[in-house]
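The following blocks contain the structures, represented as structure tokens.
Two complexes come next, and they have one chain in common, chain A, joined by chain B in the first and chain C in the second.
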Partner chain A sequence: MMNQYLETLDIFRGISENPYEYGKSIKEVAGKPVIGYFCTYAPEELIHAAGALPFRILGTTGAIERAESHLQSYCCALVRGGLEDALTGRLGFLDGAVFPHTCDSIQRLSDIWRLNAGFGIHIDAVLPVKLNAPSAHKYMADVLHKAVRDLEHALGKTITEEAIAASVSVYNRMRRSLLSLYSMIDRNPGVMAPDAMYHILRAVMVMEREDAASRLEALVRVLEENAAPAEKSDRKRILLAGGICSHPDICRILHESGADVVSDDLCTGLRYADGLIDETERPVEALAKRNLGRMVCPAKHLSVTARGENLFAEVTRKRVDGVIFLQLKFCDPHAFDYPYLKDRLHRENVASMLLEIDQQPPPEGQLRTRFETFVEML
Partner chain B sequence: MDTGTGNITAGIDIGSITAKAVLLRNGEIAGTCVRFTGYNAKNAGRAVFDELLKEAGIAKEHVSVVVSTGYGRKAVDFADKAITEITCHGAGAWFMDPEVRFVIDVGGQDSKVMRLDENGKVVDFAMNDKCAAGTGRFLEVMARAMEADLDDFGVLSLSGEPARISSICTVFAESEVISLIAAGASRENIVSGIHEAAASRISAMAKRVGVAVPVMMTGGVAKNRGMIVALENKLGVSLIVSSYAQVNGALGAALLASRMG
Partner chain C sequence: MSDHSKVNADAGKDPGKIRSVSRLKEIMTHYYIDAKTARDNSKKVAWITSGGPVEPLIAMDVIPVYPENHGAMVGASKMGVDLCRQAEVMGYSPDLCSYARADIACAVTQGGPIGGLPEPDFLVCCNNICGTVLKWYEVAARHFKVPLFILDTPFIHGEMTEEARRYVMSQVEEYIGFLEKQCGRKMDYDRMDEVGRLSVEGLRLWQAVLDTAAHKPSPITAFDAFFHLALIVTLRGTQVAVDYYKELLDEMHERLEQGIAVVPGEKYRLLWDNLPVWYRTNWLSEKFASHHACLVADTYTSAWSGILPLIDENRFLESMSVSYSSVYINISHDRMIDKLREMIEKYDADGLVMHSNRSCKPYSLGQYDLQKMVMDQLGIPSLIIEADMVDERHFAESQIETRIDAFMETL
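And now, the complex of A and B:
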């Protein structure tokens, strides 16, 4: 059992640590178009239905130099790093990218990218911002229908409703397994290596989705059949909240400090997995519905209190001892939400700490001191 | 030779510049010791402990529990437990004055602020993680640029009107100071401006966590009178400084050790 678990995890971890190599191999070996995207509101089920690989871009691991001449230094590392890799050719295997309408920086990046990155395919998906408006569903569905036409035009092929339905089914398989993994780490935080969940999530966002779905199902099966019951422990249960978890290693350091991540409110986390698509409805309409009903991100508006209520509900559901806000430096939407979310938790006596992250992980010594203090505090 | 009667515990705080040790016997301070850390945190921990025991005349075997803290806490291999300096500074401040609800600890390498509950337990904290501005090292670099002795540096600042230093980076602030010298600004005014710049970094961090009174300042920089005054002005509250400010982390560690025994 251990072998199968470790082998599967190694595959996910390998792809998470070296996503561009993987993207390149899909392009070269499978001869498939690869379409980049920056956020979980991108219509990736449609990209998949068009026979292309949706490829999540998560910033760069190199130095940011060329992007500096196009973007202010107060743009987040995700935006600057993605542009850097496009300009330097590290993302040369992409055929293009889809930009959903989310935060200001992503929208401006779309223009700069279109004018400077030199990819053939460039699609904007101007999604509604107010998801609770009466017209939101029709608006969302219209935007997705337009995305279908844009993709058809760009890739020179027809996207049938059957193909979209088939993609929906693959995504549901993948998300069901991800949700099962979340349930497992809730029941037994030690069921996988501390950094496993976020490597898996980063990997499935770039992988061939059928392959990702099958491997996830196999992993869930192996863990369900063989996982030892959770040992009683006084380790603290942590929820990570914020944008992206670009350094899964943070979870290892947290683990060594006496706490385990049992849930999250992250873009490279539960917000990706949350919300299955209704397979009994027409697929584009069902996709629109999922986009409106899934865990909301701060660049979208569901209600004044939706994010706080959702966060507190998850804290209660998962018996969370403390929340760590992982805030990407210069990420306005998350920074604006932080004081209200912190207050919401504070009112319920839920402790939280803020950790600002950048392109590079924070120095490990300082990080340990902060995590250990937080655990001592709980 | 002291026979070591009573419950004796020790706290050892390995900071970036100095290593501190405190002995507690039956809830009272029985000795303190400070020495430079040097490059080897492990040796510094042993040396400061040995020196403390020798000075206090207490045998090692009479110390029931040792708790280490500070950035080098894991290097103290003879400690029974390692606890972070933030938790320890909270405990140390509570030991000195149980009314204290907020601690500003400015050390050589970083600065930290923490809010405490009535038991001295940390309920919220922040730590500067950006740069050296607002740390003891910042003041050291500036004292060198001003050819001032570190011990007189704070007092010197009290007699000046703060010159404006806008850079938040230590290296750039130093070049700004050099420009001020070239422009003929008085030494006192520049030194006063340096203290104000460091204080504004620390007070911004304190305000983010939410200052609760009374406030205590701890850490090596609490020996600098100029920083105390600059911080009091920025925060609009007076700061309590104990005579054990520099060893406060080690004191907290010794106190937490006594609760473990």
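And now, the complex of A and C:
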């Protein structure tokens, strides 16, 4: 069992650490178009149904040089890093990108990217920002239908309803397995290596989705059949909240500081996995419904308290001892929600700490000290 | 690039103060008194974003209040740093829009230049200017525990899509429904038509005021426009605004007849991009004037009237969806460059000054590209000033001074 688990995990980890190499290989070996995207609201299932690989861009690991002449310093690392890699050719294997409307920075990045990066395909899918009105429900479906037409045009092929339905079922398989992994971690935080979950998530966002779905299912099976029952432990249970988790290492350092991540509210986390798509409905309408009903991101509006209620419900459900807000510097949507979420938790006696990340997280030693202090306090 | 020889001949006349300034102050004072005493007069108060469709509110007799106008007052009265710091203590990141930070602090502490804005009965947020207002209004809705209406105007990359047009149209209906519910009565559509016409008339007059700057020498600078914009933001759709801008326009025409140059010896004509640096408008104005440079126009104060061609005053509500969606900062860079080109030609500008405003990402990100386009396509040089509209901590005076001096030398 152990072997199969380790092997699968190695594959995910390898892709998570070298996503561009993987993207390149898909482009070269499978001869598939690769379409980049920046946000969990991107219509991935449609890209997939068009026979292309949806490829999540998570910023750069290199230094920012070329992007400096297009973006001011007060712009998040995701936007700057993504542009950097597009301009330097590190993302040269992409055929183009789909930009859903996320925040002001992404909206502007779309223009800068289109005018400078030189990819053949550029699609804007300006989804609604509010999700709680009949007009928005209709518009959500309208934009997805338009995305189908735009993708057809860009890739020169027809996307049938059957193809979308098939993609939907692949995505459901993937998401079901991810959700199973979340429940296993809840029951036994030590079921996988501490950084495993976030490597897996980062990997599945760029992988061939059929492959991702099968490997996830295999992983779930192996763990279900073989994992040792959870031991009683007084280790602290942590929820990570914020945007992207580009540095799964954070979970390892946290683990060594005496706490385990048992859930999250992250783009590269539960917000990606949450919300299965209804397979009995017409697929585009079903996708629209998922977008409206899934765990909401701060750049969208469901209600003025939805995020706080979600967060607190998850904290209760997963018996969380403390929340770590993982935020990218210059990320407005998350920074605006932080004081409210922090206070909401505080009212319920749930402690939290804020970890702001610019290009790189703080050095390991410093991070360890901060985590140890926080964990001790819980 | 422009013929200034004639200009210099008659440039000696003292520009004096624009008379209408005191009238404007009076109107604004009354407006804030009305807003602050609304409850005593059983009137409702709604907070609304600066780019939001205020006309239906006026038609419903609701007093609109503009946190952004308040933000500008905070900036101009140099209270920004202190208020921003208070918001930071509450946990708001110093990287967030300083209007939002200052206003949130005022709401909690009743601080600021007028002791806080009058409390809202409800909120109307239109995201045609940014995503920040959405988050900011969510904060306000939680703080005041009042309903929030969001008018979602999808960003326009290239052309407005048919889908977006339908979406905004149906929201206009939702908006009116929301107002009827909040006010407990039906919309009077005749009154709505009237307000729509007044709004268009006000906007036309405002644009006419701005257009006088095309004359050489210009009777008005962008710095004046920043100030006189107040009523286009706060009282658009009312007779008061129309009357005021008539007066202001008359005054400008007088100045034109008398050949008054607002910048004596006007030699250079510049365009300003982005929001003003509210706490330094005088300093900047004098700085440019010392180089005989007049900031003849700007992309900010013309943003409201810029949508005039898209408004049909006889079908105001119907045309509102397209027009309000198409404001300057809700369109892509390739459409912004068209507007810049138009302005550069109309005002015969020699250079462009861009305020890279760290508060305002939707306005500022992309300026580097625009700068390059303006140079490549129009041969117009530009200067970028890194600052913030309200938070003085981001204004490095000596550095900016050096950059302005250097830029002026190249012209």
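One rule holds in what follows: the second predicted complex is superposed on the first by the 378 of 378 C-alpha atoms of A that agree within 3 Å, B and C clash if a C-alpha of one lies under 4 Å from a C-alpha of the other, contacts with A are read in each partner's own complex, and residues count from 1 in each chain.
Keep in mind that, in the parts below, contacts are C-beta pairs under 8 Å (C-beta built on N, C-alpha and C of every residue); 3 or more make two chains touch, one makes a residue touch a chain.
Predicted model, so just to flag it, every value in this text is computed and none were measured.
Undergrad: Just to be sure I read the superposition right, which of the two partners does A:D104 touch: chain B = first, chain C = second, or both, or neither?
TA: After superposing on A, A:D104 lies in contact with chain C but is clear of chain B.
Undergrad: Taking the superposition as given, does A:K130 touch the first partner, chain B, the second, chain C, both, or neither?
TA: In the superposed model, A:K130 contacts chain C only, not chain B.
Undergrad: Applying the document's definition of touching, compare chain B and chain C: which contacts more of chain A?
TA: Comparing chain B with chain C, the partner touching more chain A residues is C.
Undergrad: Who does A:A351 touch here: chain B (first), chain C (second), both, or neither?
TA: The answer is first: A:A351 touches chain B but not chain C.
Undergrad: For A:R176, select first, second, both or neither according to whether it touches chain B, chain C, the two together, or no partner.
TA: Neither: A:R176 stays clear of chain B and chain C.
Undergrad: Enumerate the residues of chain A that count as touching chain B in its complex and touching chain C in the other.
TA: Comparing the two interfaces on chain A, one with chain B and one with chain C, the shared residues are 354, 356.
Undergrad: Which positions of chain A touch chain B when the two form their complex?
TA: Within the complex, chain A touches chain B at residues 351, 353-354, 356, 362-363, 365-366, 369-370, 372-373, 376-377.
Undergrad: Quick one: which bits of chain A touch chain C in the complex? Just the residue numbers, please.
TA: Residue list for chain A touching chain C: 69-72, 74-75, 101, 103-105, 107-112, 114-116, 124, 126, 128-130, 133-136, 138-139, 142-143, 146, 298-299, 301, 304-305, 329-330, 332-333, 335-340, 342-343, 354, 356.
Undergrad: Touching chain A in the complex: which residues of chain B?
TA: Chain B reaches chain A through residues 71, 83-87, 110, 121-127, 129.
Undergrad: Hey, which residues of chain C end up touching chain A in the complex?
TA: Chain C reaches chain A through residues 90-93, 95-97, 100, 127, 130-132, 134-136, 138-139, 141-142, 148, 150, 152, 154-155, 157, 161, 163-164, 166-167, 170-171, 174, 332-334, 356, 358, 361-362, 364-369, 386.
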